[in-house]
Amino acid sequence: MASLKEGRRVKLRHSRSLPLLATTGVLAILYTSASLLYPGFFTVRVFLNLLGDNAFLGITAIGMTFVILSGGIDLSVGAVVAFTGTLIASLLTRGTPPGWAMLLALAIGSTFGGAMGFLIHRYELPPFLVTLGGMFFARGMSFVVSKESVGITHPLYQQASDFGLPVAGGASLPLTGILFLGVVALGVTVAHGTRFGRNLYALGGNEASARLMGLPVGGVKIAAYALNGFCSALAGIVATLYMGSGNPAMGFGLELDAIASVVIGGTLLTGGAGSPAGTLVGVLIFGTLQTALVFDGRLNSWWLRIAVGLLLLLFILLQRVLSRPAGARHP
Amino acid sequence: PAARAAARTKPLTVGFAQVGAESAWRTAETESIKGEASKRGITLKFSDAQGKQENQIKAVRGFIAQGVDAIILAPVVETGWEPVLRDAKRARIPVVLVDRGIKVSDDSLFATLIASDFIAEGRMAAEWLSRKLNGKGNIVELQGTPGAAPAIDRKKGFEAGIASAPGLKIIASQSGDFRRATGKEVMEALLKKHGTEIQAVYAHNDDMAIGAIQAIEESGRKPGSEVVVVSIDGVRGAFESMVAGKLNCTVECNPLLGPLAYDAVEKAVAGEKLPRKTVVPDRVYEQSTARASIGSRQY
Amino acid sequence: MKDDPTLPRQPRLRAWFPGGSLLWPLAGLGALLLFNLVFATGFFRLELRDGHVYGTLVDILNQGSKAMLLSIGMTLVIASGGVDLSVGSLMAISGAVAATAVAKGTVPFGAAVGAALAAGGFAGLCNGFLVAVVRIQPIVATLILMVAGRGIAMLLTDGQIVTFEHPAFVFLGNGHLAGLPFTLFLVLLSLGATALVMRRTAAGLFLESVGDNERAAALCGISGTRVKLWVYAFSGLCAALAGLVATSNVKAADSSRVGEMMELDAIFAVVVGGTSLTGGRFTLLGSLIGAILIQTLTTTLYNLGLEPAIAPVPKAIVVVGVCLLQSSRFRGELSGWLRSRRAAA
Amino acid sequence: MSPPLLEARGISKAFRGAQALSGVDLTLREGEIHALMGENGAGKSTLIKVLTGVHPPDAGTIQWEGRPIQPRTPHEAEGHGISTVYQEVNLVPNLSIADNLLLGRQPTRLGLIRGGEVRRRASASLTRLGLDLDVRAPLGSCSLAVQQMVAIARALDIQARLLILDEPTSSLDEREVATLFSLLGRLKEKGLAILFVTHFLDQVYALADRITVLRNGARVGDYPVAELPRLRLIEAMLGREFHPVSPATDAPRSDSPTPPEAFTPLLEARGLGRSGGMNPVDLSIHPGEILGLSGLLGSGRTETARMLFGVDRPDQGSLRINGAEQEIRSPREGLRLGLAYCAEDRKAEGIIPNLSVRENLILAVQAGRGPLRLMGRAEQETLADHYIRALNIRTASRETPIRNLSGGNQQKVLLARWLALQPKLILLDEPTRGIDVGAKAEIERLVASLRGAGTAVLFISSDLEEMVRNCQRVAVLKDRRKIGELAGADITPSGIMRLIAHHEG
């Protein structure tokens, strides 16, 4: 019979934080080994770089987390990052004030995501295909905007990209890193602290149930894609800050890195379980691997892809093991 | 410089942010820089960006965090380097650019640029072609990756070069992305469209030219005689094609930048002032000289 | 959801668009060809040169052969209710295996090809294991090899572009037989063999049953696990073959680029060809037409002088349009709209 | 008299092919507990879903306090004050109990959920139902009973005027049911209207004020509880006159004798069971015998059949086929031993919707031959045509996709699929469910002829008359346990029902 004890015992076994713990463990192991192997790795600066260098990946991955939590997937993010970045850069060269250019980019990104969400929801099309179309479209459009990388010379931009929050030992957290952490904090709040976030988990957990529970399923789904589009556009802005330019060829394959980070961060690809906080850890794992490779300086860079593939496999298998006993049979 | 290097207690550590391994030319450059480092006892940190600027920037920032003595950067595109180079400058790490230039508002962001003059290469190809065709003919141009500096400059130089010969006309110009496969596909389409009008092909690199040669052969025409093919880079494959009589001419773009790069690095580390740009001299190879020099080619 | 009884039925449009019909891909192909007939001079010109049939149409078939080969395997995977994202990376692996073996010069050509095909088949089997036995969603299971596969290929070639001049290997992607590109025969042979196996044994029936209703098939004694293992392994094999062709085409194994984005072309070919992404009934011929359609689109864009970089835009529009046409709800709204237009007129 | 709270008139609803509701009326009043009764598939859940905006009705009107309403989503229905617990426990297992309880209506401050408040409110609502749980635990880790209680608590959490509970008690134990009922009693006092569905007659008589009975998608009637004794209720549900005192009026059963016990049974199960599924049962079936499996909804008939065929693997007991000990671990093994199983859920486990009638029909035979030895096209067509004629399957052609056939004809194709195997034992789980009278008769004739050919049949049906007409022996199940067996002349609807009604679980 249901009792206090039942709730407690079960909580230990199927603790939802277990995947997050596992991911954090992997990060700790990776970081420690890299620190032991490579002198100069264990510094504040390297850690802050991790946040700054992976900011646009991280922000895309947070957006992707929402879509994946809702039970979908979005392959268009890398192309949207490139499109918005190129758009902003070329608008700036034409004298548009940075604020307006960014607002326009954010609006376009959200609308584009929302439109894909609409097609997916209303016509019950596979998210995978619709967003694939979106990826082709956005990538092509960024080359329509400009065939080559556009430099940004706006003085405000220079100041912004040089800005850093001093932390310790002369190291400072760049603006891109600050934005990333801000998005993570916001993402965690939205996912865990708002009705929309909870609805998202419900939708990803069981769409039919969510509908019968009277939740606005369509709205939530479309909003998840729109939010992801917004994050991609924001990542595009961060990319222009990071590089001081807008490059239509950038972010090629970024969607895969983002999905990999989300999965490594413990979010279930079937939707309904996971957290943006895990995604932060996933992105840090990704970044640590990449930085360690640079520090080593001898290994072929393609080891990164293999390592990411293996980590993906590891975490997916882990998820299977963890989720199997929890999935009580439902009639 | 060798004496100074020996005088240092610690060998130099240099980071090299390479674009990737997309062509034979690129791997020759990598090998040159790697080989020269071990010859000089320099610790080289090598990073392959898989063709992505964002990866290159991350690599450079990694080098800075690691505290290398100098950085060699082969920039994948011209713009977008200011923030990271300002970082390097703040950390007082000299950056030596190789093989293509960048656009920055502040020239002190890098120590020097060691590169071929892409415009001159294009012009040399044009001049050679103009002589070969006696100043008259229809040319198809296979451009490099859109937006890449060599593509822009090789186009610019070539156009300037044929300007003096009004009989030479570029009847089609499309991007083959510096790749064999794309070069071949694009050439196939152009051959269908223009057929026998085409008298010459100008490719921005050898790989595309080799792809185009295959396409021309498949169309039943003879590359090297019926269709004149000229390209840039001078990799081994190009020499082999010239020996086989299929490629007419290649303008060498020397990838063996290792020695020059480390000379510059050592000077920069020692605080010497370097010229803004060191132009690597390039020369034209044609079929008549190819057989003689193919044996001595290192790449 | 394909059987949701609450959806309204649209008898009129449905009659024109039965699932699996070749009508729509053929109509699309026809429209494209018509466009070229009007706007592209010489598109349909065929001539004999050096004993080879020569012309844009032959090019389309030749260049499209990789997508066609991939789409054969992809059709079966999609019919089983899955999808294989790893084929592009597997192409790179197979090309790398064959080219490094051939370039060494010590390995006989047959062994090199065998090794490449075996590598593809084995990788496909790994995908199949993850999907069928571990029961990971196909998109995710094949994502792993999509990410890691290209890295493995790069390691095999040590980050270099491996070139070769082996005559037999070069023939594979460039040779001619009876005046036509050899790849064409390769495609027809693979397609014919696959179709034969699918329709002359019960394999096709079993595959369609599993893809359409796995539980019902299981009660009939058909093992979905076994079917899926085979199908993914086969897709890996097709990818390996396509990789050999792509590598041979340019006489070089370019691990970082070969097969890039090809998985998408293959999936599109299958979907455009009329095989539903939800699995079940499949049409190999439709996928073939889909692949030709996509290659024709690409070639048309080349012909128009459109930058390859911008080419994805029209592709995206075609693909999403075709997907929308396959949604019964969209068809309903469309026919309602058409009716109201007609009523207004 | 005050106007009814909710008044539905002439509600009709058809799903592709099947008429689930035809012109149903329902009237609910404040302060009234109303039971909705009917057999499996009678349309109870569909009616509830139409009332609450899950399915749009094909016809009919809904009046709420005298005004017409047309809710399009459960959300809109909640807006009117209709709170529903659907039959499928419709919650999200990966979220915590508290989240599930208050999903979509969490108290917020500045857009942020007030976590403490959520937990407090969740605990409070559960305490009202006599539950003391850690509301932070994920719901999926709780037992089905707890999940059902949480679903009920969720429904009670809003200030509803009408509470609808579709089989709320199916997985609750007695104490939980008692708690729930006393709560429902209190709510009724407060003037709430309550509509509930259950298959437990005792519960209906303990709680309900009025009963609406549905049969085959139509309303049989609306009765005050006091005017409808149990047996009359069962009659209404089953749709036949039912006089427990005079067995003579029971349908005459087939008089063929049961095969002598001396023969080795074709199938003999001893203590076969599956923890979490079915308690150990003993069963034996002889060649040429039709054994019926009878019981109420959820009594474990399907579970038993699945266990015998190897779909769900039994974990206790033993099974003999033709006297030899066997273990059936998968349908393939079952098929190899000469068993065939026609599943209850035609759509999920029967038809391959997009394949043709011919392909559906030959599938099992072909699977038995393996993938390499494809039956010749002519052989396939002969087989298909034979069964299309023999079973009078109405189809445009043998190449029509089976999804275009009516339910009854789909069922006949499925039967043909299994008959074509010429099995030694065929397990028929509700072969006549949802099909019309004519088709029913044809299937019954078919079953009888099977028997004549020496095939053993395990026959499951909710239609008691059908059991009586067809079976030589009937094993009766209750609460996933075999409670008895009837043979020969003892097989009467009343006999079966008495066994079920009077057996103390």
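For reference, chains read A, B, C and D in written order, and residue numbers begin at 1 within each chain.
Just so we're on the same page, contacts are C-beta pairs under 8 Å (C-beta built on N, C-alpha and C of every residue); 3 or more make two chains touch, one makes a residue touch a chain.
Remember, predicted model here, so these are calculated numbers, not experimental data.
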item: Pair joined by more contacting C-beta pairs (A-B or B-C); value: A-B
item: Length of the line joining the C-alpha centres of chain B and chain D, rounded to whole Å; value: 74
item: Rounded Å distance, chain B centre to chain C centre (Cα mean); value: 35
item: Between chain A and chain C, centroid-to-centroid distance (C-alpha), Å; value: 30
item: Of all residues in chain D, the ones touching two or more other chains; value: none
item: Two or more partner chains touched - positions in chain C; value: 154, 159, 307, 309
item: Set of chain A residues in contact with two or more other chains; value: 143, 147, 248, 300, 302
item: Chains touching one another, given as label pairs in label order; value: A-B, A-C, A-D, B-C, C-D
item: Sites on chain A touched by chain B in the complex; value: 38, 40-41, 43, 45-46, 49, 52-54, 56, 143, 146-151, 153, 158, 161-162, 239, 241-245, 247-252, 290-291, 293-298, 300-302
item: In the complex, chain B residues that touch chain C; value: 20-24, 27, 48, 50-51, 146, 172, 174-175, 177, 179-182, 184-186, 188-189, 192-193, 195, 210-211, 214, 218-220, 237
item: Contacting residues of chain C [partner chain B, same complex]; value: 40-43, 45, 49-50, 52, 54-56, 59, 63, 154, 159-161, 163, 174, 246, 249-252, 254, 256-258, 299, 302-303, 305, 307-309
item: Chain C - residues contacting chain D, complex; value: 3, 5-6, 19, 200-203, 205-206, 208-209, 212-213, 215-223, 280-281
item: Residue ranges of chain A in contact with chain D within the complex; value: 1-4, 6-8, 10-11, 13-14, 16, 189, 193-195, 198-199, 201-202, 204-206, 208-216, 272-273, 326-328, 330-331
